[in-house]
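Have a look at these structures, which come just after this line.
Shared between the two complexes below is subunit A, which pairs with subunit B and subunit C, respectively.
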Partner chain A sequence: MTGEAPERDATPLLSVEDLSTEYAIDGRVVRAVTHVSFSIGRGQVVGLVGESGSGKSATGLSILRLLPREGRIAGGRVLFEGTDLAKLPEADMRRVRGGRIAMIFQDPMTSLNPYLRVEEQLAEAGVLHLGLSHRKAVAEAVALLERVGVPDASKRAHGYPHEMSGGMRQRAMIAMALLGKPSLLIADEPTTALDVTIQAQILDLLRELVRERGLSVILVTHDLGVVAEIADRILVMYAGRIVETGSAREVLTRPFHPYTLSLLRSVPRLDRRASRLESIAGMPPRLDRGPFTECTFAPRCPLVREGCRAREPDLAPAGPDDRRLRRCILAPDEVAR
Partner chain B sequence: MTEKSGPWTDAYRRLVKNRLAVAGAGVVAVVTGLCFLLPPLLGLDPATTNPSIAHQPPGAGHLLGTDGLGRDYLARVLVGGQTSLLIGFAATVASVVVGVLYGAVSGYYGGRIDEVMMRFVDFLYGVPYMFLVILIMLLFSETARGNPLPVFVALGLVEWLTMARVVRGQVLTLREREFVLAARLLGAGDFRVIFRHILPNVAGIVTVYGTLTVPAVIILESFLSFLGLGVKLSWGQLVAEAVGVVNPIRSYWWLLLWPSILLATTLLSLNFLGDGLRDAVDPKARR
Partner chain C sequence: MTDVLLEVTNLAVHFPAVPLPVRAVDGVSFRIRRGETLALVGESGCGKSTVARAIMGLVPPTTGEIRFDGAPAPPLGETARRPLLSKLQMIFQDPDASLNPRLTIQASIAEPIEIREPGLSRTERESRVTGLMNDVGLDPSMRARYPHELSGGQRQRVCIARALAVRPELLVCDEAVSALDVSIQAQILNLLVDLRERFALSFLFITHDLRVVRHLANRVAVMYLGQIVELGPTDALFDAPRHPYTEALLAAVPSLDAARAVATRARGDIPSPSNPPSGCRFHTRCPKVFERCPKESPELFVLSDDRHCRCFLAESEAVPSVRSPSA
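Right, the complex of A and B next:
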């Protein structure tokens, strides 16, 4: 399906360096993202995987600096096309949002304004970023709606969101995101609210757009199936940290971190008969209780041993000749199935 | 889906199904039309006095009778209506503009700004409004006696508070909705988010409260006129005059009857219309 990640450009499009994000909630500091580093090249699809609260959405929102008001970037750099977005003045940041980096999210039902005609919302990026007249932007929006596969696009565009189905709305959201001609798309659970057939169509669409426009995509999801379909590389997050990275194929077929392994085991499979679906016992650690003196996954880890409690492992190469990183003291062979 | 459907067309469709609301709108339109069109068309003058026909009951020459100075009462009732309606609508518009802007800013920015802005509203709520109004009237009284402006300022000043609270509450929940985040993700600034994305969602409820503010303002103005704090010529003023000349021997009933009927019908109609609008805009709120 998807080939190996071709690194076309020497300098990555986006490189996140040591990003930390905190939320101040009721006087406590919750470290939602802790020292996260990764990069993404042009035309690449990176899957950001983890369970709820693992910090994957917070990472996406940090890149665009649209955290809720309790949140703030506590440290690190977000280098996009050579500029540190974490330090960019708000006015310049607005030109980046929707213009250079766009984002779509989970629920297409609530992401469209019920009181605005679809075309008016879609055209906005064209007016804001491409300097188009409203009329031209609407024409552009209709053309894009057609491109993303909304039937009868001009009529749909003139209607309201409630007249469209969920799949159509997600297509409209994608069209809206693409109108400003961004080079990076952050897709936060773009298919979670859709049923399976529509899900496949949306993923196909994303794949086509990547091929067609050299679009880079950060795909935030908890669904390993989705990642397997489309991502070149995977970042597995747990408790606000990256616990494993590598090419999608390698990570999914031969995980080096027990958490990734547990995640894979809790995916229902048709080719294996099991009376019970496996789940990961216990709860993720509370992120307002840091810094951690042991591996954050240790309390839930099926392979836990003495050394895991000593200190939190670093994110390090799995072996001397291995480019894959993982945050675990076990040898790869001890983890792999 | 061939039929047109949108939040506004849907609301309109629900509104026209509500007979009471439609009747209310009709009555308001007719009364407004009569008050503003008849006097110039018929050349009616509310100020010409003629002592020889003072206190004439309704009849052929003067359809609604005359008052104590022999002035045509039809003319006085209609021109008085102009003032009442004008103040009602103008003060409402002012309260909508101020209240919506104030509420939107307070709700959107939230936090400390919201805190300060809303405490100021609470403070103004706490000041007895009659005190405020009388103060303003006194300030203006020397320069502008009989001028509707001070009354209008005073009433607008009282009425925007509720509007600000209503809008602020709505905006507070709307700003957390995903389409607002989506708009900001597209690079829209605060101004654009507030005016283009949030306020259309508030328009319905603002229309409802606005419609219900008009009668509230009219009755308040009548009340002030009745107390002698009002303007030169309005329905409230006419009622006050009529009550003043009631005596055990002669009641001059028509002086009291006509402005009262007009006042009551207009207020009732506006309230029906407002209720109808509320049901149309938010059908779920119906009991």
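Right, the complex of A and C next:
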């Protein structure tokens, strides 16, 4: 059940091994992430998709140990450039965050200090992580704002976050993330709060940065379309588990897990009208009720059969030398007809 | 009873602000026929939600007229509005904010019935609630529960049941499925389609999500900075958009077919509706801008009966001597 072989580089940049994350809520233990393994190579974009409560954000937060007070990593390793981040002392972890690994979130307004000029908060990363002088860090911040497409960058840098539009603030967040010269960017729903025309611009920008700087990106999103636009590989999560993974194009055109298939069919299409959308009956299982003795998707699965109730399937290759993994006992042909 | 259920003519809604008023809606006209679903689409600040709120009487129009079933719609608060209240219902994006957390599902759904039909006995009311819960796909045994005990999708179903309780003719949905996960969103969209057929409902469907529009709407009005820039039948408009903004909007929707070419992008940011650009309001972002665009304001050219476009590039096809009336 360990992850796949890295695709481009002999040693992956990040390799998450058997990660489990728990939240203690009202005396109950909610297992938000269960035995998640994957790796990401340099210059790769991995899309982590799923619906609310699937564990996609918790996975991203676990990597940087940014879990809220009630959350903890219950097991597994997070190997980044040879170090297990799960065991790193907090002081060292702080140097990783915003340095080698940066993170951006859905709402740039809550990530920016409204009382500080944009240049002040951007420069902080340069002073802290690169040891630049304040003046140099500000110059670097302005240069990066220009790079990410903020018009009148030096004027904007001197202003406050509320004077910027949502799209500009997200660009500023990306500039701030880049300032520490990260090799990995974790982007949690970075375009979800933005209008589509602005979202398209931000996705273009991320694509350019990947090409230009060899940046690796973990893109956490609920939007399969966004993944199709930008990701090399996809991890589909359900109930805290990876249920399917492989090249984004392959998985999205020919899913091998019934959940991926149902999810794809429930998205209305822009290019044609369907008489009915396929919806998924019921709701995901409660994650404080584990461990599960059956496939977690079985209660909602349109293709469920006897064997699905016997035990939870492993994340296994879809075929003899298949690089694609899925957590389902059905043969690929039985799912993707 | 007329064929046109709702008619909005030259609606403008301006909000006072310093230094300039916000021209949220600036001369919008359209009609909704009986049984029709019109989608009003656009990005933040285009005025789509303000149009909805004006129709519901929640904000007073600065100028313009709103007629329902042939008669002018009086403002909210006037006694003359009362008969309209049950014909027009609204469903909002966030069901949490639309439901009283201290009322059970039963009480929430019964409330509009009590107000509209105070004469009903308790048993009659309860059986109406049961019927409504069945209509929207909620198990009536959940009636004693509170909103926090339901999922987001179930809560939106309660809001729909409340709206249906007064037997409306027009449902105004403002981003009604935008906060839901896709699998749940699909359930609610299917439900709305079913209800539309069963109760011969008309819809004004306001959303930023063009995928949902294609699925649901008969006609689409695309708004940009307070104005309608294009209007037409859904399939025609999606297959062959005429306004560069519609084109850019459609091109920006992430597609599951990764092989798609990167098409026309709208440049830069959405300008402020308090100080919209001169001439064509889209000219600052338009990939097809030319010298005339910043200088003159294009009218909403009538290309055919049901196809309107506010772009000089479509002017040559405009039906002559028709001064863009309401659509």
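We adopt the following convention: the second predicted complex is superposed on the first by the 324 of 337 C-alpha atoms of A that agree within 3 Å, B and C clash if a C-alpha of one lies under 4 Å from a C-alpha of the other, contacts with A are read in each partner's own complex, and residues count from 1 in each chain.
The rule is simple: contacts are C-beta pairs under 8 Å (C-beta built on N, C-alpha and C of every residue); 3 or more make two chains touch, one makes a residue touch a chain.
Note that the structure is a prediction, hence the values are computed from the model and not measured.
When both complexes are superposed on subunit A, subunit B and subunit C sit side by side without a clash. Contact with neither subunit B nor subunit C is seen for A:P317 once the two complexes are overlaid on the shared chain. Judged by the touch definition given at the top, the superposed model places A:V226 against subunit C, while subunit B stays out of reach. After overlaying the two complexes on the shared chain, residue contacts for A:Q199 are found with subunit C alone; subunit B is out of touch. Vectors from the Cα centre of subunit A to those of subunit B and subunit C enclose 80° in the overlay, to the nearest 10. In the superposition on chain A, A:M173 contacts subunit B only, with no contact to subunit C. In the superposed model, more residues of subunit A are touched by C than by the other of subunit B and subunit C.
After overlaying the two complexes on the shared chain, residue contacts for A:E124 are found with subunit B alone; subunit C is out of touch. Looking at the shared chain after the overlay, A:F105 reaches subunit B, while subunit C stays out of its contact range. Minimum Cα-Cα distance between subunit B and subunit C in the superposed model: 11 Å.
Residues of subunit A touching subunit C in their complex: 51-52, 151, 165-168, 195-201, 203-204, 222-226, 228-229, 248-249, 252, 262-264, 266-274, 276-280, 283.
Of all the residues in subunit B, the ones that touch subunit A in their complex are 1, 5-7, 110-111, 177-179, 181-189, 192, 196-197, 200-201, 203.
Partner subunit A is touched in their complex by these residues of subunit C: 43-44, 151-152, 181-187, 189-190, 193, 208, 210-212, 214-215, 234-235, 238, 248-258, 262, 265-266, 268-270, 285.
Per the touch definition, subunit A reaches subunit B in the complex via residues 64, 66, 69, 94-99, 102-103, 105, 107, 110-117, 121, 124-125, 128-129, 159-160, 162-163, 173, 176-177, 180.
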